[in-house]
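Common to both upcoming complexes is chain A, partnered first by chain B, then by chain C.
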Partner chain A sequence: MIKRLGTGLAVMWAAATASYLALLLAPGDTVDILVGEGADTPEIRAEIIAEWGLDRPEAVQYLDYLWRLLHGDLGRSYQLDRGVGEILASQAGPTAQLTLAAAAIGVTLAGVIAVATAGRGRWLRGAASAAELVSVSVPPFLIGILLLSVFSFTLGWFPVSGAAGPQALVLPALALGLPIAGVLGQVLRGGLERALEQPFAVTARARGLTERALVARHALRHALLPAVTLAGWFTGALLGGAVITEVLFGRPGLGQIAMQAVTGRDMPVVMAVVLLSAAVYVTISTLLDLSYRAIDPRIGG
Partner chain B sequence: MRRLVVLALLLTACGAQPVQQAASTSLTWAIETQPITLNPHLWAQNKARLLVFNQFDALVSRAEDGSFQPWLATSWKVSDDELTYTFELRDDVTFHDGTTFDAAAVKANLDQFRESGYNPAVAAIQLRAFDKAEVVSPTTVKITLKEPDGLFLDFLASPLAGQVSPKSLREAKDVRFGGPDLVGTGPFILDRYVQGQEIHYRRNPAYKWPPAGAGHQGPAHLSEITYRFLPEAAVRVGALTSGQVQVIEGVPATEVTLIEQDPGLTLTTALNSGTAFSYYFNTDHAPFDDQRVRQAFREAVDLDAVLKAVYQGTATRAWSVVGKASPFYDASLERTFGGDAAKANALLDEAGWKQRDAEGFRVKAGKRLTVRSVSAAPYVRDRRDVLAQAIQAQVKQSAGIDFQVKIVDQGTAQKAVDDNAYEIFENSRGDSDVGAALNLILPRDGAINRTRFTDPQVERWLGQASATSDQAKRKELYTKVQRAVVTEKAIVFPIYVPADQIAAQKSVQGLGFDPGSGTPASAYDVRIGT
Partner chain C sequence: MTVNAAPPAVRTLLAAEDLRVSFVGTEVVRGISLSVAPGECVAIVGESGSGKSVTARSLLGLAGPGSVVRAGAFRIAGRDALGFGPGDWRRLRGRFAGLVLQDALVSLDPLRTVGAEIGEVLAVHDAVPRARRTERTLELLASVGVPDPAARARQYPHQLSGGLRQRVLIASAIAAEPELIIADEPTTALDVTVQAQILRLLAERKAGGTALLLISHDLAVVASIADRVLVMKDGRTVEEGPTGQVLSAPEHPYTRSLLAAVPSAASRGTRLSTAPPLVGAAARTAGESPAVGGGPRTAAELPPAGGGVRVAGEPPPVGRAVSRAWPVLAGVGLSKSYGARTVVDEVSFVLHEGETLGIVGESGSGKTTLARLALGLLEPDAGRVSLHRRPWSGVPERGRRPLRPRIQLISQNPLDSFHPRHTVGRLIAEPLSLSVSASLSASLSASASASRSLSRGERRDRVLDLLARVGLGPEVAGRHPRELSGGQRQRVAIARALGPRPDVLVCDEPVSALDVSIQAQVLDLLAEIQAEYGTAMLFISHDLGVVHHVSDRVLVMKDGQVVEEGDVEQVFTRPRHAYARALVAAVPRLPRARDVNVT
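Our next item is the complex of A and B:
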């Protein structure tokens, strides 16, 4: 447990250091980079130099930066003229909604397809496998455009844009969730099929358990472990995919803010988004690591 | 399993309800660019110009011929020395917060720019000559300048001079960003802004002060208008063809045919004001310190063919650094250069670039004829990267010029400028008065003089043109400037005139372009016909 926390902190520190190094090493003057396309006056420059301590030795600057981060001070966007923490806070809700919905869709679809097709006829498995491959290999941008052209532009079932209601969430969540369903589905089915060949499965069948009950009560637990191991990838895919999905669907959120910050050279916001992603990643993978024990009691504490 | 069923039910439930249709007097318009600020004083994005005059009005407006028309000011007098402007104001105008628009409000708006750090760029450039504003009577305001400024009325007609209620300037929660509590006198009242999603206005029922030349009088036709932010062009077009939005702006060349073929849609285009998109030659060092090489580069490109290939016939070729939509455009420059490969080769031979190396590029004294263009990725739009590649292929094939195109981050691009490590600078500007752009590009100390070209004569003409508001006189001076830089010195290669497009459902009427800027106009005259 303590080791897990230590690793998490180390990852956070590495992310903070990497984004700080990127700021220092980027071509051009650091003050220029921090100002971005914001108003550039001697007063604002002085403010930046004071906030980032740019008149002090680099090692001190760096420690000071870490110190501020530890206090939850993410700095200020000179372009939007607002605190970075405030900007992120106002945009976190829609992104949380989108990524959770996408995760739910991904996990549910993967589970349903894996349970329905594991150990079944060659045709059914082939079809599911092909669908999974397509959803994994087609870029999320294209999936989004396809979903939009069919369900929004042609059939008119769902609106194209906005975070107006649950209807507007369906297509973006699908676009983001499908690639996850694809990978997760493959892994789950592979795990299920391996579990169904194990001796315990034979015993269970001998006790008269139906195939469906065997899968649901026993095999699924075995298949879950490799799937949970994918959680890191899963979180990354959701956060990265959110950038494309939010811009494509014209949804508010962190991805859209990140995109704007990158094109507008709003470095304080970019750095904060990197840190926030790292924090989410660390939290989720720690939680899932802990959940291993619940799934597989053989892994002791 | 139960969760699955719920999800399935949810999906069917959503599917059963068609997307809600908007009522007949409300309209949804999908736009490409989100505003960085809603405070007109800090406005800086031409792509967000169409929002400003929904919420705010200015003292004067600009007509197509470049002249100025009454708006919140009913008339004005300029003293003979062009140092004093006296404006007579309408006496029946109120801000959205109920306060009265009067001479004190005009003064408060101008004085706001004096706040340190408020908008330093405007204070240093547009309001450089501004001395003071005095309230003569509630409906008369006198503005004094330190020196004559031919661009002062252009500033007063721009979004930057949108009149903001002085009360809200004092009380708004976030003055720099603006929002529903920073109010103007415009035909629409901002009531909702959702970052990353949309901006929503409702009609101002009291409105009866449109600019001269507006399509109608009284309040706006639409009771509500929503601007959705859809940065992806294909999604905007899809949203329009499926009827989810009624109007879009920003139609790329690749989507134009699709819209033109749809009988239910209309497409209108207007050329932007300001300068044409041009390649500026760095005249400071070889090879473009030699005028013959500059001319040869222009002759080596068959620009008509390139533009047709890249923009599918939707681009308007430029012949001058000044855009075709500007009243100062010199049409006599048309067909005076370009597209003569034989001439290009003769000029390069004459300039001493006679040998060719193994790859077919011209060489002089062991050095290849290489020219570099370095641009910052955030500013590369309108397929200008593809355009550069097409030009690169042409100059290589027809004249043996090695044109290297680099698209880099902002810091690296700035470094190339600082180090003088470029030969071509790509730029277009959307200023409503092209004189403002030329003042930045051509003088020796101009903020974006990337040609490193200096000519005292040209600077004199620019100075004279900036110091007078006599449009005929300015046209004469700017014609001289254009002939000097395009023909006589050949420091610029004008390429195309940037344009804006609006596509809409046939039922939407009254859409148009701001005559001053060539960008889409506000929604005041827009209505839904039957």
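Our next item is the complex of A and C:
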């Protein structure tokens, strides 16, 4: 457990350092960004440099940045002139809603399709396989545009943009969740089919179990093992996809903030988003690692 | 088709006439008739691919996806099974007949506790009230001889020993008190002493009135428990009758060859297989000879190819010469530990020129670790190994490399040791291109100049030559290992091992994965090679019959230590150590009737 915590901290440190280096290497002068559209005189420039401590050596600035991070201070946004922590806190809610809803849709769809089609006839399997392939290979923004044009513009069932109410959540969550359902569904079905061919499945059938009971009590747990190893990809797909989905559907959230920060070179915000993603990634993969042990008693012990 | 007319007084549990099972047009069971009465043990014996397992599973409606089962008549528990739907079959499974498969490590769900597995049968058939399920599970575990059932029920299959797991599997099969147990190779993955315990357990159930349908490749296992035997080959019954009659006075040539192929004390120094294994031996080139040391041999000395049919029971064509003067491989005081576990504990051995040293022991006794130490793949923690009286352990790999061709390995599953994308020809050629030491003396003087690379043509000739030596035709060179049968693969492994002309072959369970008739051919081949080239063999096996057949001397290992050592006859007839005595006593035996085997 201590080792795991150490690894997590190392990942966080690496993310912080990498984003800091990216800031250093980024083209353009930080002072230019801070001056922005305002009055540009040597006096104002000197004032800005003094205020942000930009005259210090880069190593000192880096250490100062790490020191402030350790105290939970994420810095101030160049553009919005607000604390970065405050900005993230206000925007994390809608993003959490979106990603959790998308994850729920992805996992549920994948589970239902896999259980319904594992080991069944050629046509059913083929159709499910094709649907999965399409959902995986079509980029999420295209899925989003399709969903919008059908259900919002044509049918008018759902709002085109915004985050008002659960109705506004349906289409973006679908756009983000479908590709996940595609990949997860294939992995789950493969796992189920492998499990149903194992000798223990013959033993279980010989006890008089129905196929449904065999899947529910035996095979599903075996199929979960390969699915859990996808955790890293899964988290990455949700976080990366959230940026695009939020912009496309005009939803507030971390994705929007990240997008604006990148275009405006608001580096404190970009770095904070990177750090937050790393933290989420570390937490989720730790949780899933632990669940792996709970699913398979043969591991670790 | 013959119909098993059971005596009318006895109620028949199960009767099938002209049972046929096919998969996508290919018929694998081609008209089997069998019946089982209460308290009776019927055995189906056959080699892999004979259709015995499919027959057994079709009796539970579990022949598998894509199977079509037909029969002239098919009655189970007094009902006509020909019209059974999925629900009818399900109600029979577990309740009327319990199934015990091979290797409980995979036949029990590895992710569930063994208690849950047994409880499941009770739940599905509502065998006992819900409140009594746990209690009944523990009773069942106790009844199959599992000690401390309450603690065991909470464990997972991988936490139990092979014997305990198999007992659990039997407990789950009998949980709903079925009238019939179908046991498909129930002891195949087990050590011999554990096998004896499981057979005793099945015999107890039979004595209690449960009928038993036993599927096995092992005639000796069948001999100890079955009342009637069906011998199957290619989906058909070739012979059937009371066990004693079939095993001691077999009528069909196939049954006779099966019986003759079983290695044992009586078969020492004789051939096990009847058919000549050599195919395409004519492809051997006249100029090249695979002979080691003894100079080129003439064609007259080679085993006959195709022309003379050799018969089981005959002595091998060339006599054996064991020279006790020259120890080719020796280990002194070898120890190896992994963490706190000592796997090999102060083991010493000597292997002389042309000799076979058998190493027997049950799983976990340290046999394979000893083989790895002997091969110089593992460094001992203490003690040393020498090859040709030169240090073989404790030297850098660079020092070992010139001698590597002199010691080769034949493993249990050659497929794992083959590169799956290479052809057989390439697999055999690979060690040839590494180093070709012209003779033993050249290699001992460690002159690197004695090694030269073979030309393409020479290498190809040598590959074909080696293939011919192990009884494979030149066409095999172009195939991939997956396309070959188990016996052919082991022949390829032997050809590859012979390529560098070794003085020592380390054989680690070389025939354990093979059918008895294929095993017989491979053992005969190894005997021929030893007779021809004087190769010394370190022969590791859990099968006492095989070790008795091939070995000159034997080491018996238990928990990493050598508990008994000596001449093969002495160890097998007058074992001194209690464990060796128990091991020898646990071997199931065939009725002594070898005289009927000679045609």
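We adopt the following convention: the second predicted complex is superposed on the first by the 269 of 301 C-alpha atoms of A that agree within 3 Å, B and C clash if a C-alpha of one lies under 4 Å from a C-alpha of the other, contacts with A are read in each partner's own complex, and residues count from 1 in each chain.
The criterion applied here is as follows: a residue touches a chain if its C-beta (ideal position, glycine included) is under 8 Å from a C-beta of that chain, and two chains touch if they have at least 3 such contacts.
Every value quoted in this text rests on a predicted model; they were computed, and no experiment measured them.
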Combined model on chain A where chain B meets chain C, clash or fit: fit
First (chain B), second (chain C), both or neither touched by A:Arg298: second
Which superposed partner A:His218 touches (first chain B, second chain C, both, neither): second
First, second, both or neither for A:Leu148, with chain B first and chain C second: first
Contacts of A:Phe249 with chain B and chain C, given as first, second, both or neither: first
Chain B versus chain C as contact partner of A:Arg82, first or second or both or neither: first
Chain B versus chain C as contact partner of A:Thr210, first or second or both or neither: second
Most chain A residues touched (candidates chain B, chain C): B
Included angle at chain A between vectors to chain C and chain B, based on C-alpha centres and rounded to the nearest 10 degrees: 150
Which superposed partner A:Leu184 touches (first chain B, second chain C, both, neither): neither
Chain B versus chain C as contact partner of A:Val160, first or second or both or neither: first
First (chain B), second (chain C), both or neither touched by A:Ile257: first
Smallest separation of CA atoms, chain C relative to chain B, angstrom: 21
Interface residues of chain A shared between complexes with chain B and chain C: none
Contact footprint of chain B on chain A as seen in their complex: 26-28, 32-33, 39-41, 43-44, 79-82, 90-91, 94, 104-105, 108, 112, 145, 148-149, 152-154, 156-163, 166-167, 170, 246-253, 256-257, 260, 263-265
Parts of chain A lying in touch with chain C, wherever the complex brings them together: 119, 198-200, 202-210, 213, 217-218, 221-222, 295-298
In the complex, chain B residues that touch chain A: 3-4, 7, 10-11, 14-15, 17-19, 30, 34, 36, 42, 116-117, 119-121, 174, 176-177, 194-198, 228-232, 234-235, 238-239, 241-244, 377-378, 409-412, 414-415
Chain C to chain A touching residues, read off their complex: 57, 60, 62, 65, 90-95, 97-99, 101-103, 106-112, 120-121, 124-125, 156, 158, 169, 172-173, 176
